[in-house]
Amino acid sequence: MAKMTMVQAINLALTQEMEKDDSVVVLGEDVGVDGGVFRVTDGLIGKFGPERVIDTPLAESGIAGISIGMAVYGLKPVCEMQFSGFDYLAFHQLESHAARLRWRSQGRFRVPMVMRAPYGGGVRALEHHSESREAYWAHTPGLKMVIPSSPRNARALLVSAIRDPDPVVFYEPKAVYRAFREEVPEAEETIPIGRSQLVREGRDVTLISYGATMHPVLEAASLLKERDGVEAEVVDLLTVSPLDDSLFTQSVKKTGRAVLVHEAPRSFGPGAEIVARLVEKSFLYLEAPIARVTGFDVIIPLYQREREYMPGTERILRAARETLSF
Amino acid sequence: MAKMTMVQAINLALTQEMEKDDSVVVLGEDVGVDGGVFRVTDGLIGKFGPERVIDTPLAESGIAGISIGMAVYGLKPVCEMQFSGFDYLAFHQLESHAARLRWRSQGRFRVPMVMRAPYGGGVRALEHHSESREAYWAHTPGLKMVIPSSPRNARALLVSAIRDPDPVVFYEPKAVYRAFREEVPEAEETIPIGRSQLVREGRDVTLISYGATMHPVLEAASLLKERDGVEAEVVDLLTVSPLDDSLFTQSVKKTGRAVLVHEAPRSFGPGAEIVARLVEKSFLYLEAPIARVTGFDVIIPLYQREREYMPGTERILRAARETLSF
Amino acid sequence: AVTASKEPPAAAPSTRRLARELGIDLRQVAPSGPGGRVTPEDVRRHAELQGRKPAAPSPQAAVAE
Amino acid sequence: MPRKEIELPYRVEHLSILNENGEVDKSLEPDIPESLLVKLYRAMVLSRKFDERMLILQRQGRIGTFAPIKGQEAQVGAVALLEPGDWLVPSFREMPAEVWRGKKLENVLLLYAGYNEGGRTPDDLNNLPVSIPVGTQTLHAVGLAYGIKYRKGKNVAMAFFGDGATSEGDFHEALNFASVFQVPAVFICQNNHWAISLPRARQSHSKTLAQKALAYDMPGLQVDGNDVLAVYAAAKEAVDRARAGGGPSFIESVTYRLSMHTTADDPKKYRREEEVEQWVRRDPIIRFEKYLLGRGLLSEESVAGIADEVQAEIKEAEERWTRMTEKPADPMEMFDHAYEELPPYLLEQKEQLRRELDAKQTEAN
Amino acid sequence: MPRKEIELPYRVEHLSILNENGEVDKSLEPDIPESLLVKLYRAMVLSRKFDERMLILQRQGRIGTFAPIKGQEAQVGAVALLEPGDWLVPSFREMPAEVWRGKKLENVLLLYAGYNEGGRTPDDLNNLPVSIPVGTQTLHAVGLAYGIKYRKGKNVAMAFFGDGATSEGDFHEALNFASVFQVPAVFICQNNHWAISLPRARQSHSKTLAQKALAYDMPGLQVDGNDVLAVYAAAKEAVDRARAGGGPSFIESVTYRLSMHTTADDPKKYRREEEVEQWVRRDPIIRFEKYLLGRGLLSEESVAGIADEVQAEIKEAEERWTRMTEKPADPMEMFDHAYEELPPYLLEQKEQLRRELDAKQTEAN
């Protein structure tokens, strides 16, 4: 056991999987010699050489497209998009091929690739470096969309993603990258993809989130307890798609109230699907409208205004209280 | 007044806008000499010449990207993606530039472009030719997403889209292209973008849809009346984003029940947002869970299985009855 | 009489609205609907038992019944 | 500090061996076993006849939209170089290449008749399925070739695509990645002069497509794509180079689409009949037949015999296909192959469809 | 039917006029008005000093991440050809070009300090704002140039991008569209040898980037990008050609990024100090200064004077910027410019934010 940042934990997952399985290769812009612009792949090229830790030319569609070919060949490519705000350049490769080749070939070929990308705001970055658009991928049949929230679950989920026989988009909350350390066991640990987690028990209201916003959510849950005596139950989705609705619909049957939190723009965002599932599966138990605490439907502003854009603790608290007092 | 197919009505909109305003130009693959693979732009090159009706090389990002430049210059480009299944290749140009240049330049530049694309199934087509992924665009701040359902509203909406000072993605239901004719006035007609329409009044249940699925929806509404004596109210969104929730939330306050219909995959699809808005704005009036009648969350199958994939009249009827008898 | 149950009662939001309007605690109402659901009728009956003036059934509630 | 020309490592050449009259340039004639020559001829005839048959089936409404290959049969000269472990990465106009590589005719029919099952490619050969988004599959070939190189294999990945595809960004990224990584990939551009209605000259302002290889310091060769000997020779050079670790190559194969773009297309809208006639005279099958007759590898009888044989083969495939499609396709199949394991929400949706179908069944009874 | 070389219309040349010691090739020396020469020098010095100042501000935490331009100041030689109505389409490393074209220093600071307001470009000049997604802006230049041609204007659109950008599909599509439509676009690749940690040699397997123009039958020229005279001469040729209706051109400007990629980058991880030192000796400002001193257009005093002047200019801009940022940015602004008219749901969201801010205000009081 060692206390690690998320960056280190992801690096551990990559290192161990590469040690175990020589079909795992890492590729992307600056992932080799430079160790990635966030140092997530630091040291890998030294351990595994430039054929397995591949510095590619600057072309996202190229990176995704060759990853698909590699995966069909039998490798397990883990490609990096330097920021999620640039993975749109590879959108068609994911939608039209990664997601479809198993189906198109009637099961003859598989695409066991992972596309990693740091996402989300909070790091004083330039335009295009703070986006949260996981809904695009979650709406795409044939893909899986995973977002960890802590060093330990990032490591365990990435191991599962690498071993998954289908393509996984893996968004890493860059605001969490170095925000805190957590014990991460040296020994192998996996979390099944498509399974959410109860991270706090409660009976008054259910808070549902994933990724970077888990932290303000947990803070809000503590404050609700402290200040209002309210017991909030908290669900961490971990996988956005395939969405595990068993836990949160169960929880809302108990609490009757739900608050969803994500940085992504609100309209047609991930939260809407959670509302829809709740309406489908917990309808008769809903005591109040389900609140969505999200980014606004505008381009995320440059960093001077980012705090007001983001669904922070205060906004979550306010929404929970409104829901509770409905 | 003349009875027209949707193809002819769109052609009329283009012709009249081009006659009125020489900043309107049309571009895309095969839109010129060939008149478009669906003949939507037929005859335009003869009337307006190859500088205004531009056959481009085969590159979607190129088409969208130069349209952005043209629009910033002061033209009003109407570009065509041959099928919506190929517009993903231009995704980043729309997301990263069309949607943002007004904002990025603090209002100094505008991008008054329209990106047209035929979408949806039902025409016995090959892979990638039947998709319905309007949610991608609807979730993108800075864009508008419009989908007409009939010749007349297609014409009126396209005129508005061309005149709109902001970028509009305009999906045309190819299953409707030649399915029927409708009176379309010769004289100018517009429908404001961002406004939905009540197309049938009723008090028992609200059916909400847009585009190609408006037709099975209206058929289901008739059958509900005929067979069950049920009065269904029907809302045609016309604009998917900015989503006009005033009409349908009002309607559901009256009916207490709603069925949403779209071809797009269900999860994280457009219907989820409608559910979320209903929960936000009509919560206390809901008498039954809101039903989503949609495509399944798989790649739309080749045409032998397409009928079973699609949200047809029967499936809508069944959902409406379940909702009514909840 | 029904004792207040700890379990939250099942009821559609519209039924909850009716209960709110009548000032009735849904947990006190005996459910008669499918799957143990409290129906608008249950709420009205309960209101009458409590001696409160039942609201005129709304048109949409009439359809639902 | 002058203004001086930069010497580049490659020049662009044009290769042609067999002319329109079946006359061969002896100095360039490739060394191809006689049996292979006849096999190539047979494959081209089969492709032509099958294409013609599909057009009839399409006009009868028995299959849907498809992309005829008439005039482009000499592509088999390129795939003839491939070994079973090699990878074929086709677009949507490589029926001849796919069939050469073991794709069953009935599967071709299934695909165009709207059956997902038509996507199946032979289990024992490395053929990717048909790829429709223009140009995008070129990158898959690079990834496959990377895999080969990584595993120190001797195989190659051969990608096909059209003249239109050279305009797509993915084509550029593929050639760049392939040359940077020096992987065993062979890019074969079927320049059939048209991308639907856009003539080659307006697809690119460049004199040739072959010269695009210069942008990547990659060997680029333009070849008469209706000359199966030249196609073979060009592909052999590229495949040999790739197998020997010499990296990727680009071949522009100049051919012509004699038929419509797809059965939904009317070429009269955009091209002159005279142009087509010119190219009819350059038919790849006729000149190759003349050559083989001249070499005594074919005779009038064997030509007729082959024609009969392929017709029979097509008929049998059609019969198998007809039997395969007698029962309606099982709609439940749409959930197969979405993922290796269906997640719960898809199991629910599958169950929903099952209930719907059962209800329909009950109503019908 | 031989194997024969295809003659191509263009060759690739290298142009260099002013060497590292400030010696000029008289035969190539462009005819530049003396006042313009001094203006170019001053702009280069201003860019250098402003860049250095921004690095300090970044290290003090007063601005966020930015992309230093040190070593690439000779780019002003290209924009010097532009008239007000011409279009500048920059990437994110064209501060010198943008400032030449009227961009206020305080706006540069605002942008990097996280203020949306920094995106503002001068109202009276056609400069697009900074574009970050690599290579994608090249297409906008083509669209702008199309507009110019369509309106029969005499303007040009000049796009800047890096060596890394040449790998992106959009770069390829832009060059292809520009040459097919023969629009007045000038593409200037700032080959600064690095794309973050990837050296130019591994960005493309090609000997030069200039040769990529051959793929489009477009004139391509490689120029010493640290030689402002050569940059000017090359750009003049391209701009003149574009204005005269001669279509697009591609210029590879060979320069060097002397500093880090961005302030978040540590170049020691991937490149040797000796390489950097080599390029320090090729500094574009020093050699130009020598040349101007030699021509008597500068003196020791005027050099010092200019240095003082630009420092004062920077200081004043910084003061204006400081004043502009004294009050915190109004968060409500994030809704401005989303659309020309805010749709109802955005008005609701704006109202929500207003309420939140008011509540916070109340709590604070």
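Labels for the chains are A, B, C, D and E, by order of writing; each one numbers its residues from 1.
The criterion applied here is as follows: a residue touches a chain if its C-beta (ideal position, glycine included) is under 8 Å from a C-beta of that chain, and two chains touch if they have at least 3 such contacts.
Bear in mind the structure is a predicted one, so any value in this text is a computation, not a measurement.
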Starting from the defined contact criterion, work out which chains touch chain B and chain C both, please. A
For the interfaces B-D and A-C, which has the higher count of C-beta pairs in contact? B-D
Maximum distance between Cα centroids and chain D occurs for chain C
Distance between chain C and chain D based on Cα centroids, please, to the nearest Å. 69
Euclidean distance of C-alpha centroids - chain A vs chain D, Å: 39
Centroid distance [mean C-alpha coordinates] between chain E and chain A, Å: 35
Residues of chain D that touch at least two other chains are 116, 133, 136, 167-170, 173, 176, 180, 202-204, 338, 345-346
Among the residues of chain A, which ones contact at least 2 other chains? 57, 59, 61-62, 85-86, 89, 92, 96, 103-104, 127-128, 141-142, 243, 267, 283, 286, 297-299
Residues of chain C that contact two or more other chains, please. 12-13, 16
Every touching pair of chains is listed here as A-B, A-C, A-D, A-E, B-C, B-D, B-E, D-E
Which stretch or stretches of chain B touch chain A in the complex? 85-86, 88-89, 91-92, 95-96, 99-100, 103-104, 127-128, 133, 135-136, 138-139, 141-142, 241, 243, 264-265, 267-273, 275-276, 279-280, 283, 286, 288-290, 292, 297-299
In their shared complex, chain A is touched by residues of chain D numbered 87, 116-117, 119-121, 123, 128-129, 131, 133, 136-148, 150, 157, 169-170, 173-174, 176-177, 180-181, 336-340, 343-346
Which residues of chain A touch chain E once you look at their complex with the stated criterion? 29-30, 32-35, 37, 55, 57-62, 85-86, 89, 124-129, 266-267, 296-299, 301-306, 308-309, 314-315, 318
The residues of chain E that touch chain D in their complex are 1-6, 8-9, 11-19, 23-25, 28, 167-173, 176, 179-180, 182, 202-208, 210-212, 214-218, 222, 224
Residue ranges of chain D in contact with chain B within the complex: 64-65, 92, 111-116, 118, 130, 132-136, 164-165, 167-170, 195-198, 202-204, 264-265, 269-270, 328-329, 331, 333-335, 338, 345-346, 349, 353, 356-357, 359-360
